[in-house]
Amino acid sequence: MANVFGNCIKLSIFGESHSDAIGVVLDGLPAGLPLDMDAVLAEMARRAPGQNRFSTPRKEADAPKIVSGLFQGKTTGTPLCALIENTNTRSKDYQPELLRPAHADYTAFMRYHGFSDYRGGGHFSGRLTAPLVFAGAVLKPYLAAQGIEIFAHIKSLGKEKDAVFNTISPDIEAYRNIQNRELALLDENLIPSFAKVIDNAKENSDSVGGVIEALITGVPAGLGSPFFESVESRLSAMLFSVPAVKGVEFGTGFGITELFGSQANDAFCLEKGEIKTKTNHNGGINGGITNGMPLSFSVAVKPTPSIAKPQQTVNIETQTEETIAIHGRHDPCIVPRAVCVIEAAATIVMADLLLEAKTYAEPATERN
Amino acid sequence: MANVFGNCIKLSIFGESHSDAIGVVLDGLPAGLPLDMDAVLAEMARRAPGQNRFSTPRKEADAPKIVSGLFQGKTTGTPLCALIENTNTRSKDYQPELLRPAHADYTAFMRYHGFSDYRGGGHFSGRLTAPLVFAGAVLKPYLAAQGIEIFAHIKSLGKEKDAVFNTISPDIEAYRNIQNRELALLDENLIPSFAKVIDNAKENSDSVGGVIEALITGVPAGLGSPFFESVESRLSAMLFSVPAVKGVEFGTGFGITELFGSQANDAFCLEKGEIKTKTNHNGGINGGITNGMPLSFSVAVKPTPSIAKPQQTVNIETQTEETIAIHGRHDPCIVPRAVCVIEAAATIVMADLLLEAKTYAEPATERN
Amino acid sequence: MANVFGNCIKLSIFGESHSDAIGVVLDGLPAGLPLDMDAVLAEMARRAPGQNRFSTPRKEADAPKIVSGLFQGKTTGTPLCALIENTNTRSKDYQPELLRPAHADYTAFMRYHGFSDYRGGGHFSGRLTAPLVFAGAVLKPYLAAQGIEIFAHIKSLGKEKDAVFNTISPDIEAYRNIQNRELALLDENLIPSFAKVIDNAKENSDSVGGVIEALITGVPAGLGSPFFESVESRLSAMLFSVPAVKGVEFGTGFGITELFGSQANDAFCLEKGEIKTKTNHNGGINGGITNGMPLSFSVAVKPTPSIAKPQQTVNIETQTEETIAIHGRHDPCIVPRAVCVIEAAATIVMADLLLEAKTYAEPATERN
Amino acid sequence: MANVFGNCIKLSIFGESHSDAIGVVLDGLPAGLPLDMDAVLAEMARRAPGQNRFSTPRKEADAPKIVSGLFQGKTTGTPLCALIENTNTRSKDYQPELLRPAHADYTAFMRYHGFSDYRGGGHFSGRLTAPLVFAGAVLKPYLAAQGIEIFAHIKSLGKEKDAVFNTISPDIEAYRNIQNRELALLDENLIPSFAKVIDNAKENSDSVGGVIEALITGVPAGLGSPFFESVESRLSAMLFSVPAVKGVEFGTGFGITELFGSQANDAFCLEKGEIKTKTNHNGGINGGITNGMPLSFSVAVKPTPSIAKPQQTVNIETQTEETIAIHGRHDPCIVPRAVCVIEAAATIVMADLLLEAKTYAEPATERN
């Protein structure tokens, strides 16, 4: 019901924070796609905790083990299943009866009638984004071979703002460097001030959120469909699957509501014989379908719900109000680690859209 | 691929602006649901053009004709098909070779290889929201019978801002009056200033957008699923289907990124023995599942793309740059008419979620 | 839940025997497919009642009215909706409280809690196969353009048996004549004896069933997928949707169970450099995927449930046992009219499979 | 595309004969379902090879390892993933260039462009039925708790015929013994003659097929939906997923075509106040929906394609005709081991139908 995504590539994720393993099944992958495990591990390392001073010191051995669908280094086209074992877990950190505010403890209890695995957030753990990152890493070369690249950066942390992508003539070379920085910012000079936002939150036993902006370059015109299968619908359904995402906007997004039509309408022009737009307030999408301009969107990531600061809550067993302070190893800000998750989520959707587009790539007859 | 929505209720929409009719098929409706055609027509009148001075004088006879699935005034449970005939159309207003900026002319041309019906925007016409409003009107009593109500208002037009919903203790009585106002505002006193925004745009042959905020009251805890079927994923997929929507946020949305975790985490409390939250920054959803608080979200609606002001564009036949001025009867602002579309869109998703929730309403065994 | 079929082409049917109309929405059609209404009407005439002495004298004006998705004589690629109005209906023939044996009266009552439209069988009427025939007629030229043809004939009526298709080297020219015969038989000489089976049933106020054999020529190797999306799974799901079908078998079907492996295994051979099989007991499918041989299958069609002969039944209102004799205009044998329905059903599935095959038509990299 | 089944319970299978493991993900399981691993292993042992003299001496350690979705012995409601490791594999038995007749070697090559894992049949191995049996075993207690049981027996092997189920008043006690017999026959006395059919085939380096009949007791009336989601469509789609199945029929199936309507129509009667039918030629299904009678169907299982007898084939690399003799450990008849696979397949479909039925279990209003 809940854990299968995609029209052409069916992605099925499973696992709990403290189960034997978490993992993913990818069905409908193109056959013959080479899988470079080093590249996959590099992507997964971006998400893994303990990579730098901004994230929890908890180390996870996140090496995925591929149990099917790969033969002689290439995808077979039949379902590829990858497992990521759960090893470094400390169950004693959790008291299931105390509902952690802004976590899924209460909603999971209601949804699954008390049978869900509550240890470490169970199936709702942010750890479940690792299979997404794996899937994105597998599909990244498939997009690359078609000239499509996906970039993301931290657009803001708290009230601190980074520069924004150029959505008309993106500086792809520069954007490729973003992920090598200590924090994924366009403007390197802002790293200290962004770092300070995180450090302050940490010192206060608190947490902070931010906005991630993404850009997809090399997208052909004519991808996607009207209404329920619009590119916006497809991407947003996937992006809102990522825990902590509370907003998604395309192009100028909410800002477009403060423009006049004469400003917001991206005028068409010809550039070396190709139809382009002079601005890109619509984020590369008109009527749910790509228009050949770079695709741009932003997502709002809420502050990490786990904080050491005391919070009021309810004990679900005793039905009394209590105070909770969540100790243990938690990121004061998950935005830096979420950057590659957003890239992966977008990669999965774009790969699915590209495969689906083959079904409408040609008309039944030629137009005169 | 594109025009079927829903897990339990399959909604299928069809039609073009100038085809014989547009319409909808609703499969999976509960049997025995009474259909009050007056109530349906009243909902549809809210969307219809020409209702007041803010919308185009074009009058449409939007009376839906139900051709199947209704027997003795109640749904049969088999597919309900409703048609809305296209009558008041003026084909001569359209020049297909001139791509209207921010419309789907170009993307439809690319997607359908030049075979799509371009008259009046064809399948991409805002008129296709009429079947959505119809579907919402059919399902509204189904939600009402379970104590669920959906409200929406114009949160902003351009830079003009309305009050916002109380998402903790909503004043339902007051909210029921919103839709009777000339403009769907919480604060009636703001009607003149909001009207002025629209009037100004009109005078300038321009258009303006806005934000619509919605609130769903009476939602039980435990609806929805993690990840790809999160309530946010489901709602956003539908909301981004509505033409002109470029952003969707839940609860405090993008604003949550400027809060600390200690502010953003909605603390749990007990209210008359029931678990509630003291704030509602998460919009009634944790981990993709409803937590029993009112569900709140906002959508960004871009300015009407059709403006009389001259705009630069490309002639797709001659492949030259030209100027276009879109005359004809167009709303300078579609936000007022979009309010009931957003309500209908949310109604459809909530009904689908409620039906689906029956499949997980009970555990396989009792918990000790 | 029940009335939407297909992965790439979404087919949605609706209507009841006595509602205003029945119809179909076809989403995902290739754009630019010419629609020859005369050819469509010719296909629909094959299914229509009253065509010859074997079918009910009831005449239906089954001309479909296309309300969307067609522009300048070709499909637009957006949803095509067609309506078939219900005109010649005689509601007084039906007594809903008396459950007609082998009809869906009782099951519909239980499934829809007494709210379904019982007149003329409502949504369960054989009349709902008309939209399928329409859809098949729309898609037939799409298959033809790829060299694929679908043939069907009456393999048996009661205990009377026709010749069978040559599934190795089909005589396509000859098979094109089948549908022009008074009864769709391979062996024209058998028409009188088959006619007698029907006439006898009619004289006895009884009915008779039969088997329809179908052959699909020109199918490329490599269509379909393993397991749940096997060609057999896809075709059977559609074929069992056709009312009165109680069995589906591929190739030699149930007969293959009486062969030894050495007989049943279709040996591979080379024919003008192409890989073929010497026999075709597997009906052109191995492991759920087409092998390039003609695809063959048979379906069992039960005797028309409506018979004038008195039958024992239950009055669902009074909860007493009663006798029912179903008068009115009913075919003593629906097999002749079902031939084109089976062809249409197979056409829809093949078109969907062909579109889907585009997603796996090429590997991600070349094989060395 | 191919390996995900189900509306409410999403079943996703993966793996190849010689990959690290095969397995299954079950999403949408009811929460709180106890999992009795001994019972699961007992079901899996029925399918495992090497259980008796009729099956290959190859022993597989088919113990499934549950990696997620189970907590404190009960299902959590989140995805349950189980792995079955591949251990006892002998890769050297396979020559991929020689296409094994009636296997999927050629079709897999064409479908996956030469990238599929050919060892041991890869993803097309009969071994992939083990995850189905596992899934069936997990869900069997869910059906049992609702009074539903599924039985299957070998109806025929070659030309040898067993007795058939009583589909009106089934002798459930007796049917529970079937699976304890050396061969799953209703008539124990026939075991020697059925055994001889297998032994003969083995001696001749050949193989033999058969028909499996299944019966589902305790099914409530009103399950399923018309047309594409008919109980026949759903069951057949799953049953044709099982490798080697070439035919599926419900009730009297193909035999019903030789009856008159007056014989085939199952007359309604009252039995202790309940509506029943006097015969059950329709296999408990009218109009795609269950009628409260036992559900009955039969499937045709073709002879094992792997035989030691020399067969003509084509070498796909050299493109020449050659002779192949398949040595190694293969069952001369897979029908005995397929009995529990058919039961499991039906169990999965019935569980999915029962969950889905909750969405239409109640009308929106009461009927007067």
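Letters A, B, C and D mark the chains as written, and numbering starts fresh at 1 in each.
The definition used in the following text is that contacts are C-beta pairs under 8 Å (C-beta built on N, C-alpha and C of every residue); 3 or more make two chains touch, one makes a residue touch a chain.
What you see is a predicted model; the values in this text were computed from it and never measured.
When the contact pairs of B-D are matched by residue number across B-C, A-C or C-D, over half of them reappear in A-C. Looking at A-B and A-D, the interface holding more C-beta pairs in contact is that of A-B. Here the CA centre of chain A is 45 Å from the CA centre of chain C. Averaged Cα coordinates give chain A a centre that lies 26 Å from the centre of chain B. If each chain is reduced to the centroid of its CA atoms, chain A and chain D end up 39 Å from each other. The residues of chain C that reach two or more other chains are 1-4, 7-8, 13, 28, 31-32, 74-75, 77-78, 111-113, 115, 123, 226, 356, 359-360, 362-363, 367, listed in rising order. Within the complex, the chain B residues that touch chain A are 1-5, 7, 11, 13, 99, 101-104, 106-108, 110-115, 123-124, 128, 156-159, 201, 204, 206-211, 221-230, 232-234, 236-238, 240-241, 243, 245-254, 256-262, 264-270, 273, 275, 277-278, 281-283, 285-292, 298, 300-307, 309, 311-314, 316, 319-321, 356, 359-360, 362-363, 367.
Here chain D touches chain A in the complex through residues 1-4, 8, 10, 12-16, 19-23, 25, 27-28, 31-32, 65-71, 74-81, 83, 111-117, 122-123, going by the rule given at the top. Chain D contributes residues 7-8, 28, 30-34, 74-75, 77-78, 142, 145, 226, 355-356, 358-367 to its touches with chain B in the complex.
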